[in-house]
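Both complexes below contain chain A, partnered by chain B and then by chain C.
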Partner chain A sequence: MNYPNPFADAIDYQRMEQHYDQEALDSLNAISPMTRTQQPIVTGTSVLAVKYKDGIMMTTDCLASYGSLARFRNVERMLKVGDSTIIGASGDISDFQYITYLMDKLMTKEYNANNGQPLAPENIYEYLSQVMYQRRNKFDPLWNALVVGGFQDGKSFLGYVNLRGTTYQSETIATGYGAYIAQPLLRNAVEKRNGEPLTEEEAKKLLDDCMRVLFYRDARSLNKLQRATVTAAGVNISEPYSLETEWAFAENIRGYGA
Partner chain B sequence: MALAGEDFCIVAADTRQSDGYHINCRYAPKAHQLSDKTVIGTSGFYADGLNFVKKIKQRMEWYFHQHDKTMSTTAIAQLISIMLYQKRFFPYYVFCVIGGIDENGKGCVYSYDSVGNAERVQYQAAGSGNELLQPFLDSQIGLKNRSNENETLNLTEEMAIKIVKDAFSSVTERDIHTGDCVEIYIIRKDGVECQKYPLKRD
Partner chain C sequence: MSSIGTGYDLSSSTYSLDGRIFQVEYAMKAVDNSGLCIGVRAKDGVVLAISKLVHSKLLVPKSNKRIASVDQHIGMVCPGLVADGKALIKRARLEAQNYKDNYRLPISGKMIADRMGQFVQAYTLYSSVRPFGCSTLIATYDEVGPSLYMIDPSGVYWGYFGCAVGKNKQIAKAEIEKLKLKEITAREAVMEVARIIYSVMEDDIKDRDYEIEYTWICDESNKKHTEVPSDLVEEAEKKAKESLDDDDDDDDMDDDE
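Right, the complex of A and B next:
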């Protein structure tokens, strides 16, 4: 005798279900999980800053690169916050624009509080470093290295904070490629003075010299830069300007394809 | 690093902040005074260390307002272990050492890993130079591996400071992350003193 299997339907159904599940799984696999910023896209290169006699001097160039493409050539990478603070940014430009928005929000709040006590550079620095640190703890960092310069009540302030929330304050600060090339030059110039502060002219020349070297060697730099000062007179960001360069020596370079 | 004497304690940390082969800053303190009887040294990830110390200070303030007294060194020691373990699965990347005076007026040192394992010890080195420092302390303070087994050490404050300075000078020679300056906190029953001692800057 050949009896029918009483569970045939159930087994068929189970197979169907299994088939359905597999399909669902496949379709789920096709959707990639949500990701956070894992690399910068449009980037700015070095920020240089020094303390000098009257306050802080900072320079950046005006380039926002898309990988190795010089994508945007007229970008301001320094931001005035309040009357005595400036923020210089390297790294992801869109994240910097978000920070610009945050600072604007913060200053609007301060304006409305109207408490006659403006935020000091130290306060803005602390706020920024906490934002950066909290975002790194969410594994969603703001991909920047920021330099905060300020001058208030006769005191200079110069601090650094990066995408991990790491902070330090120093007489000279350089980010990105500048940390390799300009920082030694800056430290050398400052330490040579044995505690005697740089004059405005000296600081200008020092930063220009460093930016020139960076323009020669940093392939993501541009000979169009801005200089900012923070002094008792307030924050001043210059119009873009260029440096004198000398390329005649390039004729004599041999090797590496030349 | 930290070491405990009979009625005093020393916590010392260099002030260099580095990132790979870079020196970020020559003066970025990582030893912090928590109370008149306790000092903490943090090594590892600087931002975590700073924020961890901030949180400890906040908890100590709450404790002060609740109990109307400053936290003792042993209480802080237990608090730190708990706070580190609370972040067991996303740890603070810091290797702490605390030094201070306990309730009996004796010098004490507590050592931790990043997830809150804690141990009371006589002396401890932590951080990038720890492989170089610890054996030196084992020899000079622990009197380990000596031919004369009956040797005893009566560690005075002067001796201890001398050992700390020698230790840091030596480590500076071999460890690229150590240098610039060492801050030496001396914790006595009548308060804390901080001395600075310059190290090589190369």
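Right, the complex of A and C next:
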């Protein structure tokens, strides 16, 4: 590629600006900070998760969007890590695939070490949080919002970590549009129970209702979902399923039906 | 019995007059001093076992494992110098992960044996390093089925149905040859391996503290390298001890005649 020579006497800055964006110009200019900005390319939307009586339940849809194009419609955005943890990912899917590779490497090392006890959900969460924050500090983030959920030794675990390395743990977690639309619904359902955990059926209905609203309102969602549970019996990620939706109202609207 | 290698045995980079590299042969002697280690490749899996004489009552039982996992589908044990063995296991784990990084495929038995063989051989070339003082048994279960390889300190390796290393290995090998190795199942192999170790090591382990590790990779373990379940180990050791007593009784009966 023909880079302009910054030491040349006559540099046509006008012409240079036509070819190069601010990023490249900054890196040529030694005074500006080094930046490696990114943009997510193939992305997943919301991840929802709640703690319930037997453990935790997490839901994602099966869509990987390419901007506004619904490009890959059979994607698993939840990953099983060992027998007591799952990771749900939103954001850049290639970064999630890299995280999958890191998890495989981690679990192989643990298997070889033969430590007696498996890595707990909290341990995997801490490892991921460290990776995400360190990448953020290098200005080279993994462009994801991850939900780590698990159940071990009779205790549920639910944690969130994102591309900036921000972490939090809660009884209910939602990423993407879910954080705006579903989180209030999840919190309402859980917090008015005063510590009494949801049953499996209640958790299923709650998550399905939230995903239904998200399908109506999130323009980058798909009505093809997977539900995962982590309980004392282990990890179970369901086959894809669809929700019943109500679109008849569109018939009366000018431009859509009438 | 050993020939004197005066002058020709000081470094790996010197041949003797009759074309031998004495340092490598001396390394093999180091292996012969190890406790008996057996590998058996059965129809549906591979069994590894190593007997260890516990040299101090202060050691925590079952805490110092010699048989290691290298990725989930590979088991490895290095009878001989323990520290050399650990270095080899570390290298094998690196090779296996490196292969997976490149091809997203668990490394096959043939390939890991080759990589380790080449690695061991490299340490026989220079006077600045010494050869590894351990043999390496590698048990794997991949697409081609179960396989067992053994690498000796020279870097030479072969695929085996059954092999034995360490004290009393000749007697152990003779016993292994008697087995129908093409038909035996992994479960049966565990029983036979226990029997062989007990019968061969009988005099050495009498009145001494000892520990025997058994691991396998087979259909029953989902093609993963794991310790043989303790109930099977107990059954195998019980039967082994019983057959020892039977042999003793037979000996007594012969004396009466």
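Keep in mind that, in the parts below, the second predicted complex is superposed on the first by the 214 of 258 C-alpha atoms of A that agree within 3 Å, B and C clash if a C-alpha of one lies under 4 Å from a C-alpha of the other, contacts with A are read in each partner's own complex, and residues count from 1 in each chain.
Definition applied: contacts are C-beta pairs under 8 Å (C-beta built on N, C-alpha and C of every residue); 3 or more make two chains touch, one makes a residue touch a chain.
Since the model is a prediction, treat every value here as computed from it, not as a measurement.
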Partners on chain A (chain B, chain C) - clash or fit: fit
Partner chain(s) touched by A:133 [first = chain B, second = chain C, both, neither]: first
Partner with the higher number of touched chain A residues, chain C or chain B: B
Contacts of A:179 with chain B and chain C, given as first, second, both or neither: first
Touching partner for A:111 - first (chain B), second (chain C), both, neither: second
Which of chain B and chain C A:164 touches, first, second, both or neither: first
Lowest inter-chain C-alpha distance for chain C and chain B in the superposed arrangement, angstrom: 29
Residues of chain A at both interfaces, chain B in one complex, chain C in the other: none
Touching residues on chain C, where the partner in the complex is chain A: 65, 68-72, 93, 97, 100
Partner chain A, residues of chain B touching it in the complex: 17, 19, 22, 24-28, 45-47, 50-51, 90
Chain C-touching residues of chain A, taken from the complex the two chains share: 104-105, 108, 111-112, 114
Chain B-facing residues of chain A, complex: 129, 133, 136-137, 160, 164-170, 179
